[in-house]
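What follows is chain A paired twice: with chain B in the first complex and chain C in the second.
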Partner chain A sequence: MNIIVPLRQVPDLVEELEIESGGKDLDREWLKFKVNEFDDHALEEALCFKEDHGGQVIAIALDANDADKALYAAAAKGADRVIKITGNFEGQVASRTAAKAMANVIAQLEWNMVFAGVQAVDERDGQVGVLLAHFLGVPHVSVVTGVSNNGGTLEIHKEYGGGIIAEFEVAPPVVLGIQAARQTPRYVPVAKVRRAMRSTDLEEMDAGDVSVNVGSQVTRMYKPEAGGRAEMLEGSAEEVAAKLAEIIRSKV
Partner chain B sequence: MEQATREIFMNFPVWMQVVFYVIGLSTSAFFIYGFWLRIKKYRRGREAGRFNNLVGRFFKALGMMATNATIFKRDTYAGVAHWLIFWGFVVLFLGTVTVAVDHDFLELVFEYRLLKGSFYLWFSLFLDVFGVFFIVGLLMMIFRRGVMHPPQLDYRRPDLPPEKYSRASYKKDDKTFLWLLLIIGLTGFLIEGLRIAAEGMPAFEKWSPVGWLIAGWVENLPVSTLHMYTWWFHAVIVLVFIAYIPFSKAMHMLVDYANLMFVDDLAARRLPRVTEEKMKEGMGYLKLEDFTWKELLDFDACTKCGRCHAACPANASGAPLSPRDLILDLRTFANEKLGPKEWFSQVFLNGNGKKDKALAGGVIKKETLWSCTTCMACVEACPVGIEHLTSIVNLRRTLVDEGEMEDSLQDALMNIGDYGNSFGQSERMRAKWTKDLDFKIKDARKEPVQYLWFVGDYASFDTNVQQMTRKVANLFHSIGLNFGILYEAEKNAGNDVRRIGEEGLFEMLVEDNSEALKDAQFKEIITTDPHTLNTLKYEYPEFGANYKVLHYTELLCRLMDEGKLKISKKLNQYKVTYHDPCYLGRYNRQTEAPRRLLEALGVDFHEMRRCKENSFCCGAGGGRIWMDDSKLEKRPSVQRIEEALEIDGVNLFVVACPKDYTMFSDAVKTSGNEDKLAVKDIIELVEEAL
Partner chain C sequence: MNVYVITEHLNGSISDHTFELLGKAKQLAGGDSVTALLAGHGAEGLASQLGAASKVLYADHPNLENFNPQSYCKAYSQMLKDRMPGLVLVPYSSMGMDLASGLSVSLDVPVLAYAQDVNAGGGKITVVSQLYGGKINVESEVDGDSCIAAVLAGVFSADEGKADGSPEVEQVSVDGLDDLQVKFKRLIEPEGGDVDITQAEVLVSVGRGIQSDENLSIAEELAAKLGGAVSASRPIVDNKWLPKTRQVGKSGLKVKPKVYIALGISGAPEHIEGMKDSELIIAINTDPNAPIFDYANYGVTEDLFDVVPALTEKL
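Here is the complex of A and B:
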């Protein structure tokens, strides 16, 4: 079975985020990008699945934010094909547009499953996978923590709140939102990535018509103002207790 | 006076002499065959680049062999015993060769005899004395194995329960070797005595004092017949021994000289690069032919003396690693690969026999490989020039290729790859520690400085070590030192990254740091971190970044000598011991600078049991600091603290390495010795004494 893994480059939160002067987006000039953590798990699960059952892993990414790096790393880890989706993807791309671009490209490929990361730091509502399934007209299961092959169908573990796990049975084609791979995403040595950069055929495919009704837009982006700060009570145990009693008394 | 000489084949019929030569030639053929097998084995290895300066190498190894210096090191008993056996053997061997030349060549061809007259008398005396040396040495070794049981001769493996393996063949080999030599020595003397008695005790034979003594005891026995039997017994044992050499530990007589001759003086300090060619199929080792011929020679050179086994901090703390067993397992692997079974499988089964165990992760378990702290104690202890660390790192490279590592180590590598530091902090935060200084450190990228301070990860990012880093900065500033740093252009120097086996990442760090160094103007590099020091000093030059590098203790000594650093207070209230960092004392041979500083500080200084080049690792090197050490029986750092506490009344444990500061600060707390022993960086004492 062929598995498509969309990779998304997201801002690295180790660096401090700044809002651009217009106040509607991050200041992207100094941002450092890295592959979305959940996409990394999706890729790992796809590679594990391939190792068990054969097939191909095809990594795709929108041409933005140093996507080449993510694709080469995927190739170094064992993806069989890596495809960059070309088009205009400057700044924050709406989930609907991103999903449409990917769906256009995926429709041209031979595929059985899409393993998408369940969410991303700049897409916490996890819409892309859902929309992708919608555009491709296939079922979708999200918050997936395990995929196994059950003959022709897939057995899928989905996580619910309160520590409940449900098993689903789905026949491909299907889009899955991967929460966690069965093992920690593998380390890929730098030498392998460098070799992949020299020897991998990085394919490019045009996104095609991505005009969709996005329906909403960002009007303001800002950092939440700091609320009241915690007050540290200092001194001996007796003093602290006295201060604490005083505070409680004043609030009652 | 009759001419003093000896009969070689006394009263032997011709057929007996013929039989002797036939056996002699066939056992020699056996020896040559065994020897050729070994050469064939080494020729299967990769190139090692050890053929430079052959004359120098030859004589250096000759010197080491003649003095037995590497065997005397830290083990006088073994040194004395080995020296006696070695020189006894050499002299008896040369004596036998002289007899052979005299009898089979000079007399036969020229009808001339060398072994006569006063030369013969001195020759006899000399051989008797060294024969005694030989026997005494052997008895000392037999006593050592049988009665003394030193810990290094304990064959127990740390990685397997006793029922899973057998060391019986090793023990048999050890015993066979010793007893064969002893029997050869004793029967040699017996023959001499019997011959002297059979010749009617000629007075000049007093020059063979041992033979003379024995002759006196046996005079009344049927000496001629006994002489013949003993002679044959001795001769057969000697010939069997010759055939036995290449198939036993006796081979160390030849292999170990070669191993010492082809040793790399920078072994462990400078790890081998991975060639472009090799990189294509992965950096690590997958098959026998991936080893260099020197590594294959290393595996054969091991005499199982166990010095590495006893010195290894991983082994001492219950980790599944013994450098001795690692080398021996690789030897077994190499021999199996070259043995008849493998040949059969290749020729008749087209290599489709039983599936091979993987080399890294199978023949040598991954837990074993990851246990190494790269402290170099094994390489330091080895008397025969085995470079354990090179093979360990080469096998680790395979594990990195395959992603076989702990999550925490993987995180550290990814952080170093992404941000240039293991702490996973933004590159821009690297110089944040300077914010709390009340002066600005020069930016060496923007203005020329005398000393470029390569700060390193722990000194830059670890909040406890940062305090030490600031103390160093303040001191440099207060004495007006012209120094600067690279700010965010500095990245992890890569010493430990390379020793983890992530060669590609190491090369990337070298490229980035070399670029930054090229852009800066300075005379010398200084660092507080011995790990950084090692790679900058020994490994960067191979990549074109050739600079003079100093440890801060060396710089402080220099400044003290120049009168720029003035110690005004004597700190005699402290009873101090000093821990030599592996990468400073052992790797860089710098043990004096910190001691000179401590002396100048006037502290009451005491050495630990293991000090200087023989220091004991804290357990953090080679990437171990990023791995889980909770499974160890007793962490090396705790063992070291206990070793320090053997010194009566010691109250200060001085370190000169950021990782040591972290490790030992933690170890005194977890071992409950916080109230007895304080851990301080040497800079704290210097600051206190200003």
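Here is the complex of A and C:
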């Protein structure tokens, strides 16, 4: 089975996020991007599935925010094809627009399943994976923590709160919103990514008509009240540890 | 404004998240109606718990007995399609994630996710979303007069939405549910045997900042000294460094220990949902802007690899 994995570049939350002076978008000048962590799990699960059952893994990404790097890294990890979706993707791309662009490209490929990261930190107007499924006219299952193959039918584990799992039997084509792969996403050394940059054919496909009705506008972006109620303990590690020991001892 | 609430139920009980939305819906509706949408099979009896709604729309089908992303999307879409304009509140939960964005496409109504507040004053719908792991709030205004809001758990009071009563129940017939590609098989309850973190008085909880599974020992030593247990945020469990039974948060467990010590946890909304009711929260994180500090009683930005061993030694 062929598996499509959409990779999205999202701001790295380890870095400080600033809001631009207009107050309606992040200040994008110094933003550092990384692959959405759930997309990393989706790619890992796709690669594991391929290793067990054959087929191809095709990674796709919108041409924005250093997508080449993500696609070459996917190739270095074992993706068979990497495709950059070209179009006008300046600034924050709405989930609906991203999903439409991906759907236009996927419709031209031979595929059985899409493994998408279940969510991303910037999905203001909905989850790309679910929107994508509806544009493709196929069912979806979100929050997936297990995928296994029973002779062409899939056994899917979807996670609820409290660690309860619902098991579904699913006949592809389907879009799965992957929460966690069966194993820790593989690490790929920089040298291997560099080699992939030289040897990989990074394909380009046009996004086509991405006119969709997002139906809402950002009116304001702001940081939540910082430092709400924590009393910050200052000093050396030793001094802080002594204060903490006292606080904890007063409680237990 | 007519407000609709998707009722989430599992094993015959309605989630608190649903009641939180019903309470908010009453406030948003003003003089207009609050309608609860219920899908199930032989589940009509649940309507008696939905007294906060003025009306319950109920769809019954064997393939709605258990939640199924495909049948539930189809059912809710048919229940709502002739009832727009309106505001639809969906729990931003595992089930709700499969509904909100899908209904948005099938009804051609905008969706706004990660909602922590919804307003509908003057006929204009505005939604505040918690994005970027809780670091940035984004306020959006809806263009038209309909919207689907996927609302985070724990931001509104469930008590406001809990009312027994006998709201009018209208059966809605839905079709296209016989032939499904997605079939529900069974529910698998979590395996017991491991430490029950919901019973621990002290939890030492680790997040991404612990960096590798080899570093878990410093958390284990601190927990052992305090007679507590080690728990974790989602990335640690997704990486299989600790079993699922140790996960705190939205897809894990809700905990209320006497002392919750968060090591290298940034405090994404999904995690906060599971631990914010702890009696005493201590957070150690080198990022002074980490949202966890908005919920902690005491915060430390020194390196956890220096502070934690020193603390274990002093206790």
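Rule of thumb we're sticking to: the second predicted complex is superposed on the first by the 223 of 252 C-alpha atoms of A that agree within 3 Å, B and C clash if a C-alpha of one lies under 4 Å from a C-alpha of the other, contacts with A are read in each partner's own complex, and residues count from 1 in each chain.
In the analysis below, a residue touches a chain if its C-beta (ideal position, glycine included) is under 8 Å from a C-beta of that chain, and two chains touch if they have at least 3 such contacts.
For clarity, every value in this text was computed on a predicted model and none was experimentally measured.
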{"item": "Contacts of A:34 with chain B and chain C, given as first, second, both or neither", "value": "first"}
{"item": "Per-residue touch tally on chain A - higher for chain B or for chain C", "value": "C"}
{"item": "First (chain B), second (chain C), both or neither touched by A:194", "value": "first"}
{"item": "Which superposed partner A:107 touches (first chain B, second chain C, both, neither)", "value": "neither"}
{"item": "Contacts of A:141 with chain B and chain C, given as first, second, both or neither", "value": "second"}
{"item": "Contacts of A:14 with chain B and chain C, given as first, second, both or neither", "value": "both"}
{"item": "Partner chain in contact with A:184 - chain B first, chain C second, else both or neither", "value": "both"}
{"item": "Touching partner for A:218 - first (chain B), second (chain C), both, neither", "value": "second"}
{"item": "Chain A positions touched by chain B in one structure and by chain C in the second", "value": "14, 16, 184"}
{"item": "Residue ranges of chain A in contact with chain B within the complex", "value": "12, 14-16, 34, 184, 186-195"}
{"item": "Touch list for chain A against partner chain C, complex", "value": "11, 13-14, 16-17, 19, 26, 37, 41, 95, 118-119, 121-127, 130-131, 133-135, 138-143, 155, 157-171, 174, 177, 179-181, 183-184, 213-233, 235-238, 240-242, 244-245, 247-249, 251-252"}
{"item": "Complex interface listing, chain B residues touching chain A", "value": "274, 279-280, 282-283, 400-401, 403, 405, 407, 410, 413-414, 417-419, 424-426, 428, 502-505, 507-508"}
{"item": "Footprint of chain A on chain C - complex, ascending", "value": "10, 66-70, 73, 93-95, 97-98, 100-102, 104-106, 108-114, 126-127, 129-144, 147, 150, 180-190, 201-202, 226-227, 235, 237-240, 244-245, 247, 250-254, 258-259, 261, 266, 279-280, 282-283, 287-289, 291, 293-303, 306-307, 310-311, 313-315"}
